[in-house]
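Below is one structure. I have some questions about it.
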């Protein structure tokens, strides 16, 4: 049996750990051969491959990124995309595919499965917004990086008596915001699931200053204020007479300064949240995902993907990956609110 | 309502996060007053208390240890212990207790509950060996510390072509060993749940050296070899003519040297695994445990403790804490074995 | 002898370590009493003090920020400022002052010294741009934080084949940029000392991509392009129709995208560089600075400040702090350039 | 010109950074070719080489260990060792050598220089005990690892009210002990340069407990008590009836328990201090050492090695590496003593 492996979509700590586990177990327990496809679906689409054996995966467990490369190439949107992939799988004598990626990548896997390609999926989303699994690898790393940044900002907020805003990842779900905000002792946490009231945020800010401490606000990049609050006419140029696309964190800082008179500064963590070495939990989860994915190949569980339930790794249908977004439940946000202000 | 809080047993990152969450939510949502008992059960036994309010818990979220102090005092083994505690609770007008601790601490809580003391528990075990909950706080921190140590040892093992053994915590359960071993890419993992065969360990060591790499072995402090393998007559004195109690790691190193001829060195991580700032996950879990514990007080769920199930915090009977040890299941150890050698 | 202590200017890891060392050695070796002035020069100006003894400095060594608070209050710009400080020093029976701060804070100290106030200085600048000393505390921490961010960005740059730009602190000197850039393996480093040519930067970017790797650019916030290169007419609005002051990193990203066609993203590290726990080197240096400052008080070396020369702590005149900016020498920048592209 | 490179002696973070800088600058600025010798002097002795070009050094900057391997092979003690090396250098057409290593490695380099081999040295000692240079790479990493361990042990010492002893590296010099001890806020620091009085240590321990805190003792592995204090007759067997060579930390713990009645525990940090990714400072220093070493080759400065003086990298005669041990000066130890007890 020859198994193809590919990684698609955005960077995520743990991708290499999955690849290594798939290959190590596949070779040792099942005697499989492996072939790597480069840059996500671009690999099988264009027939771009690389050797993938036990030697190739040595030493990659602690490394961020993916030795297979990644891309957002979507064969569904490409002329004869699915067909060409099937042809290339045949050409390279690939019997089964392990596809590691997010909603888009696994969406293609689902389509291929419908066209009788033998495929097993491994879910990947740094945002943790996938309903089928309790957690995905990479999320714990992102939360720890954000928490460490919040830890550092506390002392600066204090000494300068400023509002410090940390903008973290999360376009559609506030998981990184709520986890890092609670872990870092933030005074306000704003998430995409609940439109926020700038007035209320300012009230929390004022209340925090009254305790003689300075507030830290964690805001998910996808958080938005109540309808009508984001009207801005006055445009400021930067030091170079240049104008830039900026995010919710910057907007919030300017609103808070305007409304409370307190200085406010924003730090946008950005890409540092998704690179570098994974935490122990993410390496553990990614490794177990890899083991169970190759077990699923061996068991012929085509069209399924691995998922974490409690402390167990199980398999679920690939469609589960794309069916529904996992958002922060209102009850959990209410829990966190006790610490606001 | 006045609520007493105490922390018992060994150090564990996250204790302060629990205390803070209990007090913050108790004050804000329920208007409770709090009183801290010092040094675990010694506090209520001897009437040793400290003030515990929102101000007292400021800034403690990221700090290791416990502001309440801890001890292994067991009132069950003390003359009139239970009775004296009940008297002191009356004297300090304490209506309910939140007891944070491990098997021993919660065992006392169970007994007090049987004597009509209103008590709610929060489980704590750095070893993660408590059956009632998926994880306990402190464990993730310990695993990350051990994993980081293993990461560092890899390069030294390579350059000196030595066997490096890391002895981690775990007297009765190998959770820290198996998690950090898998996360750190160890070549052998030995746990208390399965007696190991020194011959087999040496075979893995030899096999690893044949790949031109040097092996890392993670051994839980409670791991033991097969019956009959640990006969040692020859005693070595140290540099000072002094003889020391040493552990399984040291024993294993000397056996490997003797049997394979390869140099072997042991690092005993010891107390560094249980101190210092908690990881984001442990702060998150400890904070949520604190919230749900005070909710349980409010709901009158006496004799129960909080527990993690998947991503939910629930309550279970206090007896669940002491009923059964959660050990590493054989199937999980088999999973890990794929990476041995 | 009663000694007043104050910290002025921006946040910097190690301030607490200096305070602790001053107090611990002052009490133990010289039997001094101490008094803390709050918020830099605002403290002695307004007579705002706090107790400062061995107990007050317990546990603060590893903590960022300053227990004394800080401000940018400049008594020279305040009516009768110097006079009022002298009056308050008399009122609180303060015999000598230890002033910890940067150019501004030590400038005031110099002026007070000219007015016969007994003052000793401790230099502080996270930017390391002070000519009188080899290094100042806080700098090593900032460099490590920036380096860790660069480490994480490498894997993301690779997997997305994007230009990643990291904007670090340094308005007038590129020390953080050149140290973290060299330590992090950046492909281009831009510093305020040398105006950069955007064309040349784009050539390095192209050259890097030709090796099949993606480039990381570290840019000091004070770096500027050659005259004439920064003409921008086209202004972009952000997602909210809002326009923001942005920095050199954002400008550079948009220029690189325009000129090379490669995607470019900027991460502005900002305040995370100056908060949180100091590195071992910064704690060591800050502690030794504190020891030598109180020795200088004991020796009556008024109008002087401590400084690092090689591995020795010496004292130099306070004016040395403000006399001249220490910038990155051209020869050092040439050294670093070998790694560009 | 073809330049050979080798790394000898113990593991040390930064070795790869030196190799990378030597090769990158040598290729780019001087057009040199390179050849790697494996495992220190074993490489040129046995003619064991590996390719070494820009591609071979990609990505190694942040990695611990050495891609060239290392060993303690000493050709001086081998029959015709020096002669065989000269023959192999001729055979592989090596014009000059860059030797990276400690006292032993550089001692061989000195001897080769006397036999007209064109050699330049780069000093390496994790212990920082080399007189010719202010610091060597690897030392800052070791100090930070030890300091982080001490940070973590503080909370455990407090909660258990135990004496915690940390044994760090340093056979002949106490640099790691005094730096990490001061940075970590240790209550006692013991170094090889000054025999310690166990009675005095116990007095410090008692004094610390009287402040209601628990003591942390940092002891260099080479520290020794006053003559006559280390007489031990009573030998304890370990749990397995086995006796082990143990170090000064364990001896000290048992003495403190015997003399003060307080529980004492020792953590031996061991190999974790010398592996893994280097700190920013060590990467910076190692990179600059590499640059200046290849500059020295280009300048024909045979028989010299690079060294740090203040913030400058200079060259000094190779003999300077072996001439004299750099030990902790008594005055510095007196400084640190202020914090004891």
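For reference, chains read A, B, C and D in written order, and residue numbers begin at 1 within each chain.
Following the convention adopted for this analysis, contacts are C-beta pairs under 8 Å (C-beta built on N, C-alpha and C of every residue); 3 or more make two chains touch, one makes a residue touch a chain.
None of the values given here were measured: they were computed from a predicted structure.
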Shared chain contacts [chain A and chain C, defined touch]: none
Longest centre-to-centre distance from chain D, chain (CA-based): A
Length of the line joining the C-alpha centres of chain A and chain D, rounded to whole Å: 40
Distance from the mean Cα position of chain D to that of chain C, given in whole angstrom: 30
Residue list for chain B, restricted to those that touch at least two other chains: 151
Chain-chain contacts as defined at top: A-B, A-C, B-D, C-D
Chain D-facing residues of chain C, complex: 24-25, 28-29, 58, 61-62, 134-135, 140, 143-144, 146-147, 151, 179-180, 182-185, 213, 277, 279-281, 283-284, 287-288, 291, 309-311, 335, 338-339
Touching residues on chain B, where the partner in the complex is chain D: 10-11, 13, 63-66, 69-70, 145, 148-149, 151-156, 158-160, 164, 230, 232, 235-248, 250-251, 254, 265-272, 274-276
